[in-house]
Structure formats: C-alpha cells, structure tokens
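Written below as structure tokens is the structure these notes are about.
Chain lettering (A, B, C and D) follows the sequence in which the chains are written, and residue indices restart at 1 in each chain.
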Amino acid sequence: MKLHEYEAKKIFLDEKIPVPKGKLAFKPEEVKDFAEELGKPVIVKSQVLVAGRGKAGGIRGADSPGEALEVARQLLSSRLKGFRVEKLLVEEKVDIERELYLSLIIDRSGRKHVFLASGEGGVDIEELAAKSPEKIFRLHVNPFLGVRDFEARKLVKAIGMRGYMSQLVHVIKSFYRVSLKYDCELVESNPLALTTDGRIVAVDARMIIDDNSLFRQLKFKRRIEEERGELTELEAQAIKEGFSYVDLEGSIGVIANGAGLTMASMDLVAFYGGKPANFLDIGGGASSERVKKAVELQLINPRVVGVLINIMAGITRCDEVARGLIEAMKETGIEKPTVIRMVGTREKEGRKILEEAGISYLETMEEAAEKIVKLVGGM
Amino acid sequence: MAILIDEETKVVVQGITGREGDFHTGLMLQYGTKIMAGVTPGKGGLKVHGVPVYDSIDEALEVNPEINASIIFVPARFASDAVYEAIESNLSPIVLITEHIPILDSIRFINYARLKGLKIVGPNCPGVISPGRCKLGVMPSRVFKRGEVGVVSRSGTLTYEIADSITKAGLGQSTCIGIGGDPVTGLDFIEVVNMFLEDEETKAIVIIGEIGGDMEERLASYLKRHGIEKPMAAYIAGKTAPPGKRMGHAGAIISMGLGGAESKVNALRDAGVEVAQIPSQIPRLLEKQIEK
Amino acid sequence: MKLHEYEAKKIFLDEKIPVPKGKLAFKPEEVKDFAEELGKPVIVKSQVLVAGRGKAGGIRGADSPGEALEVARQLLSSRLKGFRVEKLLVEEKVDIERELYLSLIIDRSGRKHVFLASGEGGVDIEELAAKSPEKIFRLHVNPFLGVRDFEARKLVKAIGMRGYMSQLVHVIKSFYRVSLKYDCELVESNPLALTTDGRIVAVDARMIIDDNSLFRQLKFKRRIEEERGELTELEAQAIKEGFSYVDLEGSIGVIANGAGLTMASMDLVAFYGGKPANFLDIGGGASSERVKKAVELQLINPRVVGVLINIMAGITRCDEVARGLIEAMKETGIEKPTVIRMVGTREKEGRKILEEAGISYLETMEEAAEKIVKLVGGM
Amino acid sequence: MAILIDEETKVVVQGITGREGDFHTGLMLQYGTKIMAGVTPGKGGLKVHGVPVYDSIDEALEVNPEINASIIFVPARFASDAVYEAIESNLSPIVLITEHIPILDSIRFINYARLKGLKIVGPNCPGVISPGRCKLGVMPSRVFKRGEVGVVSRSGTLTYEIADSITKAGLGQSTCIGIGGDPVTGLDFIEVVNMFLEDEETKAIVIIGEIGGDMEERLASYLKRHGIEKPMAAYIAGKTAPPGKRMGHAGAIISMGLGGAESKVNALRDAGVEVAQIPSQIPRLLEKQIEK
C-alpha cells in the first residue's frame, strides 16, 4: 500500500530524517494560518495517492498567506486524475542548492534491498534511468548485516556529495531502518535536497508498505481499511470481497482461477480482437458463493457487455463454479453474453448443471475467448 | 532422472494438520509421494492419512533419518520459522506453498538457504512434480504425464493448462516447477533452465513467464551468451496488463517502466527462444524444434 | 555493569516479560503502604549489588502490612556483605507451582549467545551445573538470525514445559531482544516461576550490561556514574582515575603495565610467599602524571605496606615512570618499601632519574617480587 | 615460513591518521613491514610517514591491488565498520588492536569473518609479529628475534616479557600472536596451535593464558585427544585473582565458578603440557624438551 506524502514525512521525522516544516490541512483557512505562522513562502501539496501530482497541477507555491488561501481553495475543489483532493500538506518553501535522488527498493534478481542514488534528482527517475543510466548508483544491502557506514560513504562519494558525508550517511542508514521497521517495498525521496544553507532535507517522501506485512503493521492495516487509495470503486469493492481484481478499459469481463491463467485469458481476448474490461482472479478452491459474487461483479458493471469465465479446476470444483454462475444470473436478473470454459475436477458434474440450465460451455480457453469476442462484436 | 525430486525424495509435510496440508497430503500420498512424517508444533502424536505427526523436524528425523525434502503449508506469519527449521535440518528442496509471506522475511530466509546450498521452491507456488515419480505440490495430477519436457513457470493454473496441452500432444513432462509468483523466489529461471539442461531425461524446455521484474530478460541474456542447447518454447502472460497494478501475484506488476510483457517477449525471441502468442501454441513450437 | 533487580524488572516489564507486582521503596512506610494496597503477603528484597542476597538475609517475607513495616525497618538499617541497604523492592508473594531457570549468556568458545535453561530453578546454578549437568539445556543463537521459534520450542520441550509453550517461547525471545537492545552480558531469571494459576513469571531478574557498550547505552552510562555497585571505595576511586584496579586481601600493592603482566606480578608476589594487596594496571603509554596517581593510590592505602612496580616498557617510557614515582613519594610524604623493576623504552634515562633520587631498581620481575616480599616480611 | 604474516604481507592501516595509528605506522615501517596504504574516511589525499591515505579500502586497492592484510586502530565505536570493510575486501589477517568494542559487535563480525574464511586477530590485542619479516602490531620490536618458537597469548606486555626471556635464552620466535584479551576473539588457542603445528619453521610452542573462560581447557582436551607433536610450554596468569572481578581484560574474569587458573594449569598438565610456575621458567622448559 502506498503512503501519502504526509504520512511518509511523519515517519521520516520520527526517524530523524530532516523534512521541511509542514502541516496537514483540510481547510483553506488552515493553510493560510500555517503560512502566516511560518512567515515565508509555502508549497501547497495535494495529498492524493496518484503518481505525477506535480505535472497534474496538484502542487502549487504561494508567496503570501493570501495566495496560500487562494491556492488551497482551488486545490481542495479540484480532482487529480479522477480523485478528489481532500487533504493538503502545507510546507515551508526550501531554498534548494542541489537536488538529489535516493530510494531503497527490492532488487528481485539480487534478492536483496538495493539503494538507488543520483546526484541529479527532482527528475523522473525512469527517464534518467533510460537516458543516463551511468548517473544512477547502486548499493546492495547485506540482508544479515544491513547497511554499513563504509558502504554508505561509497555511495555518497559516488554521487559527488563527499562534502555532506555524515548527513547523507545518516539518511541512507535511516532509510534502511525505516524499511525494516515498516516493511517497505519502497522508500524514496525525490528530490532529496541540499539546501543553500548546507542541510540535507527530504523535500519529497514516498513509501510503499508490503501488503503482506499488514498483519504486523497494524497501524497501516487500519489505514488501508479506511483508504485504499488509487483504486476505482469497483476495485475497492472486489478487493473487499477478497478477489484479485484490476479494472481495465475494455468491455469483456474476465473471470478465471489463478493470476497467470486470468492474465492469459485477458491476453486471449485481446488476441482475438476484443478488449478485456477487467482482471478477476477467484483464486483456488472458490465456493459457489464466491463464484456467484464474482459473476455478479461483472454483471452489475455497466462497462461489461460480455463475460468470459475460464476455469482450470484443480482444487476448484466445476460443479461449484456452475452453480455460482447460475445463481448470479438468477439473482441479478441481468443477461449479458457469457461464455464459460471449464475443465478439471468434477467437470462432468459441472457440465450437467450447466446443460440443465441451458448454458453452453467450451473445451479450450482459445475457443472460449474467440467466441466471447464474436458475441460482443469485438468492442 | 528428473530434477529436484524423484523416487528417492522422502518428504516431511510442515503444517500437515492444517486444512490445506491435510488435503494435499492425501493427494500426494495417492500420487505415490513418499511422505514419511508431518510436523505441526503442539500436535505431535497425531496421524494424518496414516502419516505420523511430530512437534519438530528434529523429532521426525530421529524416527526417519532418511527424510530429505520438505513441503510447507504453514500460514504466512509462521512460515518463515518453518522454513528456517527445514534449512537447519539441511532439507532440499524446501517447497514453500504459502502465499502472502512478507518480502522482508523471504529475502532473509532465501539468502540463508542459498548460503547453505539448499533449494527453496516458492514462496507462493504450486510446487514441483516429476510425473509418475513424485509430486511435491498442489497441482492436479491428471494433467501431467511422464515425458521429456521440462516446464518452469511463475504461475499455477496457467502451468496446468500448458502441461495439459503438452500431455495431450503426447509429449509429457520430466519435471514441472512453479517457482512462485512473488517478487523474490528461491529459484529463478536461469537456475532451473540450467538444471534442465544438465538433466539427460529432459529433451525440451518450456518457460512460462509473466509481467513484473526482469527474470525473463535475464534468462534471455543468459541464453544469448550461452546458446540454446535444447529446444525451448516460452509463453508470457499479461500482455494486456496496465502499468502500476498488481495482477494477482505479488510479483506481477509493471513498475518504474520495467516488467512489461513486450520487453520479455522481445528479449526471448532475440535470444532465439520460440515464444508462443497463445498458450495452445506451445506443443507445436516444441514439436517443430524436436523434429528438426 | 550489574543492574539492580528492580532495574532489570522494569526492563522485563517494558518488554512484556511478566514479573510480580512490585514497588521500589526507600522508607519502611512505603513498604507498609504497598503491602496494604496489595492486600496479600509480600516479599521485601534488599536492592544491593551483591550476589547471594537471599542467603545473606537480604530477602524476607511478610504476611501482613505490619510485619512488612518491621521487616523493612530491619533491612534498611542493615548491611549486606559490607554494603548499606538503601533501597527495597516490595513485591506480591507469588504462589509457585514450579521453579525454572533461564539465562542468556555469551558462549566464548562458540562465539555466540547461548541460553541455559533448566526445569529445576531457584537453586544455585553453579551447583546444579557441577552436580547434574544433564539437567541444564543449551540453545545457541545464530548471530545473524536471532532465536527462531522452532529452536525456542525445542528448549521448552527439553525442560519438560511443553504445556506452557507460547508463554515460555515469548520469554525466551524477549530475553534475546533485551540482550540486543541493552547490550547484555547476562539476562537471567532464577527462578522463572510457573505459578499455581498457570502463569510464567520472572520472580527474580538479573542483568549485566557490557561496560564497553556504555557509549551507546546512555541511560546506563549515567547510572554507572552514580552508582558503581559492588566496588570498594578504593576500587571506585581508581576506576574513576581510569585505571584497571581490583582490591585484594594482602599487603603488597602491585603496579604494572598491562593486565597479564599485572596478574603475573601478583602471582609472583604470592609465589615468593607474599600477598598482593591489589591489582593496578596503568595500561600502555602512561604519563608521569598517571604513574604518580597510581603510586599515590598505593601509598595512601593503609593496608599497603610495600609496593611492587613492574614495567615492561613498550609505548610506556621508563623516564616517565621514574618521574611519576618520585613525585608521588615527594607529594604524599609517605614512605613505604617500594621495589621497582623497569626495562624497555628509555630504560637508561629512567634509571638515571632513579639513581639520582637514590632509588634502586631491578632487572627482572622475579627478583623484584622476591625482594619486596623480603622487605615487608611476607605479610 | 612463519604463520599469518611474512615478507609477502602487504598492509593497509585503518585509522592511520589517529594518534595510535600514526605512531605505530612509523614503528612498523621502521621494522620493515610493507605498509602500502592507510585509510581514514574523509582524510583521503593525506600522507602519514610517506604512506598515502585513502577514504576507503576500495580506493586503496585500486592503486595497490596487492594489499592482503589490515591492521585497525579505529576507535571502538567505529571499529566494527572498519572490520566489515576489511572483510568485504577479503583481507586476512585483519589485526584489530582496538580495545573496548561491545561484545555484541564482536560476535557478529567475528562470525561473519569466519563464515568468509578470513582471520581476525583481536580485538583488544597487541597484534602479530614474525620477527625479522613483518610486524603487524604494537609490540616493542627489540624483545623479538627470529627463531623457532611460536608464541600465542591472551596478553600484551606479559607476552613481551616472555618473548624477551626466549630471545635472551638464544631461541627466538617464528611468530608471536596476541589473540586479544576480550571474551570473544577471532582466533583461539586451538586454531593458532594448529597453525604452529603445521608450520615447519616452528619447532616449539609457548601458550600464555590467563583466567577467564575455558580456552586453555579446550586446548588441553584437544591436545589430549591429538597428542603433543611439538615441545610445548605454558604459563597461566591470575592464580591470585579473586572470583567475580575483571582483571583488566574484559575476558579475564572468573565467573559462575569457571575460568580459574588452577583448572587451566591442571588441564594443561594433564594433557602433557609443561606449565611454568613463573614466567622466567618458560625458556628452560622448552630447552628441556628440545634437548630430548
């Protein structure tokens, strides 16, 4: 789960990583008051869990409290990439001498944490990685010993910041400490700034918590229940039901069991000229009740004009799937072209149920995908 | 021969008294897997499908010193401890079915196992099967048949799907391995492909990849340097997946501009691997190469 | 440095290791009040940093508040092995079903932490180790991974406490966490009790903090400055001056440079029939000022009737030693038989200084030890 | 030959710009030790006694890839980091002079070095000298002379004392090692004695022990099992030390009834080692055995 900037900065502050003076505000007046209190120009930042807030106009400067009030009003009545802005972070404007980049991510191939650092921050790191990979320096972390000072010093020297050694070594070690303490997939500051008065300050802060750790990151577990962030309503609903679900832009709803099979089903829809409306993985061993819920989610989705169900039954049982499908159709009363492919455990029983209900089924996923695309007309 | 597991594999099931552990112990026994013991702390003394349950691996080893592999069905928050227990008993492979293990834990126990030269399959995986000899996993047995194709995959059901098509084409499998859908796994494609290359029984190799990370690209660049010694075919799932979204598996996410399907398909093709557009093409792509 | 029982129990409590309800008291009335508050029998325990408080009568039970008052009065006016009792820990009396032993120490040969556990606690563990070593079970801790549950479970099972698994695994893991957090050389509970109502409670608690860690264990650094515990006045004074110093029971003061050489000098005194009064290691490279301080400590010590100085000079310089010795004699005006042996760096210069002051010196430590014993008459 | 260090030892001094590092670098250079570089973070670019100083070992290795050993004079709170830096550069031996390192840190870096097969001498030690060839330590050079006695000790000045007596007896030393006065040290008596046994130049071995721990007892029981292959003599300091008190060295403490001098002397005698009552007896005990 992604943390808001203000949440990440609170943690940074707790861990003694310097951040600009700031305050979370819900009303324009609070922004104005804080700007007055500071007595200097401020930055007002929309707290919405989408990437590219700056480019989308969600981060604005204000030289006076009056301007801050106006900016806050505008932001709080706006939407950023479809999400309402409800919270603002007001911060002192930091005088920046140089922008750096620092992040701690997981290197899959090295099976370790890795720091990425650059003497050129504030830019899109993906672009920098593509254009000038030599400007990004890496430090892999020994999983048993953590970051050691001599390694951190090497990284600082590599990005040309030898003159600010102890401050930067502190930030690097703190990032790793944060990462262990809060089970992070990402800890990032972009830019991490050198101020004109020689301090290192995390002007931006991002953190992503490993969803699998929420059983022990209880604070965040509560938060994720309140605000899932960056999810569509349908995604939030489906995830609440316990499905793996992702909204896409097409018209054919895709239900399958297993992530790989569901992706392959989406891809087949596209291969035959259709467009998947979503990814809905019912997982292994789903009961008829769960299958029913999954089908309902597709039927009530106005963008879905047809549904593809693809079941390779192992622990899952075909009879449960068939029953769930029929119940969903009955209960919602919504009729949409639906193609089902179903093989494996209790195949015979499942087929019988479908036959009795007058629903046809197919043998292979390719046939099924081709047929649903034909039925909905390749929209 | 097969890789990782065969008739000599003597298994302890960790978490044998749980719902999944119990259920799949039954299926594995049916398949002929030599399950010598189960372990669930505090449940020592029970039997599950006739298999004696112990409080610890040590106690199981006292009675059955020939145990050399483990399969783990322990819930995520206790799974690390089970893995360490298996590691300290030098079991290999350790097949870790459990999903939702925090990555911080995985990083640590996987590095530790590698340090000790032991193989972890998973986490978040369907397991391993050497058809006709040994099954250490949760896959539906009926789609597999003993044969000469080695299959390695990041996925579960999609693997069964493709194994089924291989079986129906009359080819069969030497060993099928689901390495797991997490970002960090005990084994990677390069390692498993190398095992298949060294295995005499394996005549062809199938790689089933998906979006996220660069494991497929790394395999491709490895193959480009070392050449393709056995017929190979690949399928990559997730061509229509959007960036920034996790597609079910913790590891299946396109992030920071990396991990898209196109890059993987291109890298593999560039290395000379036949890449299927749709799963059902896999058997034909293999046959085409085997005939040559 | 050793912690008081009440200090260790405070830490146990913070780390959620159960301890009896208790209170630190400085006055008998406080003890009485707490006994009243509890409304049940109490144990009153002298908080003095000496071993064997129980046998020495420093731990007493009281069935009523009135008895508690009386016991507290007696203890607070007593001395335990020479140390005044100034603080008492009053605790509820725990109903014990079984006494266990658990400690975490450092295994020198394994170069790891090791747990010692026994199903027979409350006894002298040294005695138990000597008499029934098979009743003590060990668990070595992997220094990179810590104690893992499966290992802790094995230890619990070994001491026959399988029925109290989760409570004991918690205590074991907490001991290790405490040890890392506070840089402990020892964490011990003897007895760790199983109560009649099935709880595991640390009835006693001991901790020793690694003196070398005090630069990062700031809380204890302050504490050690206030109370050194279990040190004689002379020891406290010498340690304050930065010497390694230990009081012994004999009459010949021993000064040398280096711990091994100082011990060997003591042993030589004994070998020739004398008794060393102390161990005073001036360390490497001592200035004349420090040598002077060291000699003064010997001269002003009423028990010291003669002094042996044994210097194998490497970084230490013989001229500095000679000068320090002479100045100490001059300033204190105290004359005691003193034998000096001094070889190595600046030997010639040092000898010259001694000769000019009319002080004789010897070539070997054996001669020197023999001579000082002769001079003081082997007392 | 000698053990651990000789003419081929090429040294980096970590903490070279500190008072001790600077002083002893001068003395080691005088002795002929091949000091190629010094390291003090932030002081790169300086020179100490003509030795170039770098910010890191990596930078020193770029210029002098032949560096293979380190001596560390870094203050206790930064010493662990210096040790890890030396370990990651695969230097061996790493001579750790620093005193007062928290034992939690020592436990970890010593285990890590052992895992990597590297040798740490210390902490809290005088270092190593192979007389006439190389000195990696703080011992006064003049008491040592090239010869055939290997000396291993937990102490500093007492070692110089005994080395001096060996020199004066005309025997000389192959290598003298102070393993350090802390409870946990990189090398122990058994390991060093084994190195001496394998070293052809070493004809006799001297062990200087002291109270605390059971390193002497373990050596004794090892020798009892393996026999005494070369003349050996030992001295144990602290016969008059009381229990429960630290005698200068962090490791020199009799605790929980263990670590007293008598037990050590008895164990060694029982294993057939000649134990001196007073230090000056050591040369005679050796001569007696060599003459045989």
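Keep in mind that, in the parts below, contacts are C-beta pairs under 8 Å (C-beta built on N, C-alpha and C of every residue); 3 or more make two chains touch, one makes a residue touch a chain.
What you see is a predicted model, and the numbers here were worked out from it, not measured in a lab.
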Smallest number of touch links from chain B to reach chain C?
-> 1
Measure off the straight-line distance from the CA centroid of chain C to the CA centroid of chain D, and report it in whole Å.
-> 27
Could you tell me the distance, in whole angstrom, between the mean C-alpha positions of chain B and chain D?
-> 50
CA centroid of chain A to CA centroid of chain D, Å = 55
For chain A, jot down the residues that touch at least 2 other chains.
-> 144-145
By residue number and range, which residues of chain B touch two or more other chains?
-> 108, 112
Among line, ring, star, complete and other, which one matches the pattern of chain touches?
-> other
All chain pairs satisfying the touch rule are A-B, A-C, A-D, B-C, C-D
Touching chain A in the complex: which residues of chain C?
-> 144-145
Interface with chain B, chain A side, in the complex: residues 51, 106, 108-109, 111-113, 125-126, 129-130, 143-144, 179-180, 183, 185, 210-213, 215-216, 244, 246, 248, 256-264, 266-271, 276, 279, 281, 284, 312-315, 343-345, 364-366
Residues of chain B defined as touching chain C within the complex = 41-42, 55-58, 78, 81-82, 84-85, 88, 108, 112
Which of the residues in chain B come into contact with chain A in the complex?
-> 23, 76-77, 100-104, 107-108, 110-112, 114, 138-140, 142-143, 153-161, 164, 181, 183-184, 188, 208, 210-211, 213-215, 218, 235, 237-242, 244-252, 256-257, 277-280
What part of chain C is in contact with chain B in the complex they form?
-> 144-145, 148-150, 153-154, 157, 162, 165
